[in-house]
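When the chains are written out, they are named A, B and C in that same order, and each has its own residue count from 1.
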Amino acid sequence: MTGRQKTFTLGGIHPEENKLSANAPIEVLPLPKQAIIPMGQNLGAPSKPIVNRGDLVKVGQLIAEAGGFISANIHSPVSGKVLKIDNVPDASGYKRPGIVINVEGDEWEESIDRSVEIKEEIELDGKEIIERVKEKGLVGMGGATFPTFVKLMPPPGKVADYLLINGVECEPYLTSDHRLMLEKGKEILIGTKILMKALKVKKAVIGIENNKPDAINHINELAKGYEGIEVQPLKVQYPQGGEKQLIKAALNREVPSGKLPIEVGCVVQNVGTAYAVYEAVQKNKPLIERVVTVTGKAVRKPSNFMVRVGTPVQELIDAAEGLPESTGKIVNGGPMMGKALTSLEVPVVKGSSGILLMQESESRRKPESPCIRCSKCTYVCPMGLEPFLLAKAAKVGRFDIAEKELVMDCIECGSCQYTCPASIPLLDYLRLGKSMVGAIIRNRKK
Amino acid sequence: MNMLTVSGSPHIHGDESTKKVMYGVVYAMIPAMLVSVYYFGLNALRVLLLATAAALFFEWLIQKYLIKGPVTITDGSALVTGILLAFNVPSNLPSWMVIVGALVAIGMAKMSFGGLGKNIFNPALVARVFLLISFPVQMTSWPKPHAIINGLTDAVTGPTPLGIVKEGLDAGKTMSELTPELPNYLQELIGQMGGSMGEVSAIALILGGLYMIFRKIITWHIPVSMLLTVVVFSGILWGVDPEHYADPVFHLLTGGMLLGAIFMATDMVTSPMTRGGQLLFGFGVGLLTILIRIWGAYPEGVSFAILLMNAVVPLINRGFKPRRFGVKPGVEIKTS
Amino acid sequence: MDNIVIIAVTALGGLGLIAAVILYFIASKFKVYEDPRIDEVEEALPSANCGGCGFPGCRAFAEATVKEAKENKSIEGLNCPVGGNDVMQEVGKILGLEIEQQAPLIAVVRCNGSKTNSPAKINYEGATSCAFAHALYSGEGGCQYGCLGLGDCVDACDFDAIHMNPETGLPVVNDKCTACGACVEACPRDIIELRKRGPKERRIFVSCVNKEKGGPAKKNCAVACIGCGKCEKVCNFDAITITSFLAYIDFEKCTLCRKCVEVCPTDAIWEVNFKPRKPKLPKVDATSTKEVTTGKKVVETAPTENSKQEQNKEGVPKEENKE
């Protein structure tokens, strides 16, 4: 690659990368004793349980059905007996419906191909692929957990011409996508091919940031054997992993405000999703496990684990040689967009990309001081918004101003709050503004 | 294990803080401080210490006993105001006037609006203009620069280069007649001319400005657009009639032009929030400065120009929005 | 000199005259008839513009009442909670209608998850906004139904009638409450309810909104309603219903007999402003003021807890003074 390194043009920050676990190969975590499977694992409607208490289930058996169009099936990640169908605490401490399974053995559904051989040939046609992806409960693995099949069906009148595979992993600390690209490169490329077939696009671009030269080289080398797939190295900048930012960086197309990537002919999928698509289509395996990074400055053994969905976070931490004494905050995901956990009993879900253990000293926010109107938040906003203004509007309840100033375009990347010299919780207020304005807009449509 | 903390993302914070920003500005002012002490001697040191001490004291007093809120004098903002105030007055200003200036800056221009971040006008400039209007004689008797290494004799006072030009032209002289009375460019660069304490040395100020740009405390937009406007506007006038208008370089290097462009107009609190707004702001300041310098009653116009533009900053902020992602420029944003 | 005066006077006078004529024609051409009673009604209203009636301000309410009165000869359903009966009678007089007496209401905070009853397990950092915190997590004490204590209700109140008690971390309603309902709207967890003020300000209500089963509810909070059903059984007036492990007392049916308060095992049912019961234990001494006001609680809870609860009770200290 020559010339100026590609990246998105508006705003952005560069936090310390701290990719502590980049050299830790993916380890398969032993099965948990109990799997807790929340029903709300995807964006959209929660799934509906179809098993009963006391039922015996196998690995890969469907245990919950999609609860609406934008929803996903859930398959049992373990084999054993359904202990209860009850409210289980989710990441935020709310008790929501879930299935708890007592693990007994490791018996898989026969239809799943568990061989390690790589299957290159794509036998299914486009429609069958989408059907398979839907049936196997695939969701976006980058963290947003949007059901994958929905993205593969562009709305009428819209045609995709580019598939973008997101291997950016711009969040500090996280390395699960990085390791996946190094260890499952071939599978990812076949998965990409499958997605291309489903979308009927000729070209696919895999975007990878420059801080992962090994992954860029590896995938680049492999991609030579696959027509239409190109690797695009990108300059390190957060939040490049955001769909709109990635499209801008890789293809210089700008998704219009309030619209989806399909508007500019693009579909973005995470590398983790591409891998899951490979497994679902070629091996008939539902989404029951994923790679999770366990990391943090005080963690004794920062690791990447292949984990069954439903495994309590506690077990991952134990496998990384225990919870450090100094832990003050546990984040599900990366430090910029992850969600703070309220307890260690919550399970890994389809969207968990990492468990970040922060030390007590790191986990406290700096005290807030008055805004000095330095407008650094405006400079770093990748959406060209004015976070100070939107936060103020939300704080005083002027949601009309917040709406006019495009609060709904906020991608909640947190760059503004990261940069703010006065340590104002800008994103807290932006989120409040977004939820209020969202409610106002929904009411208006009624 | 400690009690877990729950908060919204992001969970990490950059290194920047208000304190660091403010002390960054203080560091940037060190060269100019040294120059002022070098040329104006112990008197300059007296004004500097007095202004900063008074500014800090008044901020503490008001926060503690009037507002009865938290005292935040360590955040550096009052320190910056104090130093800037010192920079904006002659070094021989009586001590009590310096203290009055600090009170006006902190009490009237900053705290009465609600403290840090809420003031509309640059506090140090409000104080300077207040002093200039209240005590015109003392505020315009400029000690001649007198290098400290040549002994600590009492300095002689004299007019500033701008004052010489203003009076000379008003008296019907031409620029070529006035040139011998003026310092040459080199003297203007290093600060060998009459003027307020901090404004004399162009080099020291530019050094500070570069440091602030490097530290990303300020951006180039306001200083460059302001100075460019001055050069272009005064250049046109000079080109038309060099005998009655001073040349652009003279305008750039004399008076408070650089001090204003680098330290006063770029004050975060009182300048616009977007790049476009900042360019317009700089243009406005530059234009008003030359208008006042050439046709106004005062020889110097930077402070007035900045204060006038401060007043329209809220308007500029309304008009100039950042370029929104996914919104074509010029297209009206519709709210569904 | 005289000339100038004359010119000035004529010019200004002429301008004024022309403007007056133009204004007169415009005023008469664009005249809008407005029922004068709207102004009268508006005059009678408290002009708090709080929106408690459901209209954006007193003027809008006045317009609505006059319109209703004209069309339906009744303004049923329209009520100014802030003004109360007096104001509504006044409005009725203006409109020539009989207005039914409404029982005065007051906002009631149905959560007692104070810092001691529901000790913090998690430390929250972030925006001081219940709406935001509600979306983020369940709560410092772990109860996903309980009060978050960040004061959205306090911000919403226009009447200085609700304040945070820093010791308990819970809001307390005082007598200034006009039942405008702003706090009810503001609370993201529907903890605040408008209930009948009751005779002599006496009220009984369940101070909990936790819909979890007994075990989990009790795990997070010592005074949670566990849905045991004892109160439902003891009530002779069908005033108490239990839905999803939570008791609710219908204030229309409740006769304030206080039987339910006695049987509640978790002290989740509150009685407010009642005279002391006959003491179950012999009176100890005069300093035991709590006994005077809240009978049973004294017997059953620790003294520190008592002082907290006492602060939570609206109007309790006043009663004390009287006695």
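Here is the rule we go by: a residue touches a chain if its C-beta (ideal position, glycine included) is under 8 Å from a C-beta of that chain, and two chains touch if they have at least 3 such contacts.
It should be emphasised that the depicted structure is a prediction, and the values quoted were computed from it without experimental measurement.
In terms of Cα centroid distance from the overall Cα mean, chain A ranks first.
Comparing the CA-atom centres of all chains against that of chain A, the greatest distance is found for B.
One inter-chain figure worth recording: chain A and chain C are separated by 43 Å, centre to centre, where each centre is the mean of the chain's CA atoms. The centroid of the Cα atoms in chain B and the matching centroid in chain C are 53 Å apart.
Computed from the mean C-alpha positions, the centre of chain A lies at a distance of 49 Å from the centre of chain B. Within chain A, contacts with two or more other chains are made by residues 92-93, 340, 342, 364-365, 425, 428, 431. Shown for chain B are the residues that touch two or more other chains, namely 3-8. Across the assembly, chain C contributes 121-122, 125-127, 132, 136-137 as residues in contact with two or more other chains.
Residues 87, 89, 92-95, 340, 342, 364-365, 395, 425, 428-429, 431-432, 435-436 of chain A are the ones that touch chain C when the two sit in their complex.
Contacts from chain B toward chain A in the complex involve residues 1-14, 16-18, 20-21, 72, 75, 77, 115-118, 268-269, 273-274, 321-327, 333, 335-336.
Taken in their complex, chain C has these residues touching chain B: 120-127, 132, 136-137. Taken together, the chain A residues at the contact with chain B in this complex read 10, 13, 15-16, 92-93, 172, 244, 248, 254-259, 323, 325-331, 333, 335-343, 356, 358, 360, 362-366, 369-376, 378, 381-386, 388, 403-406, 409, 412, 414-415, 417-423, 425, 427-428, 431, 441, 444.
Those residues of chain C that touch chain A in the complex are listed here as 121-122, 125-127, 129, 131-132, 135-139, 142, 144, 212, 216.
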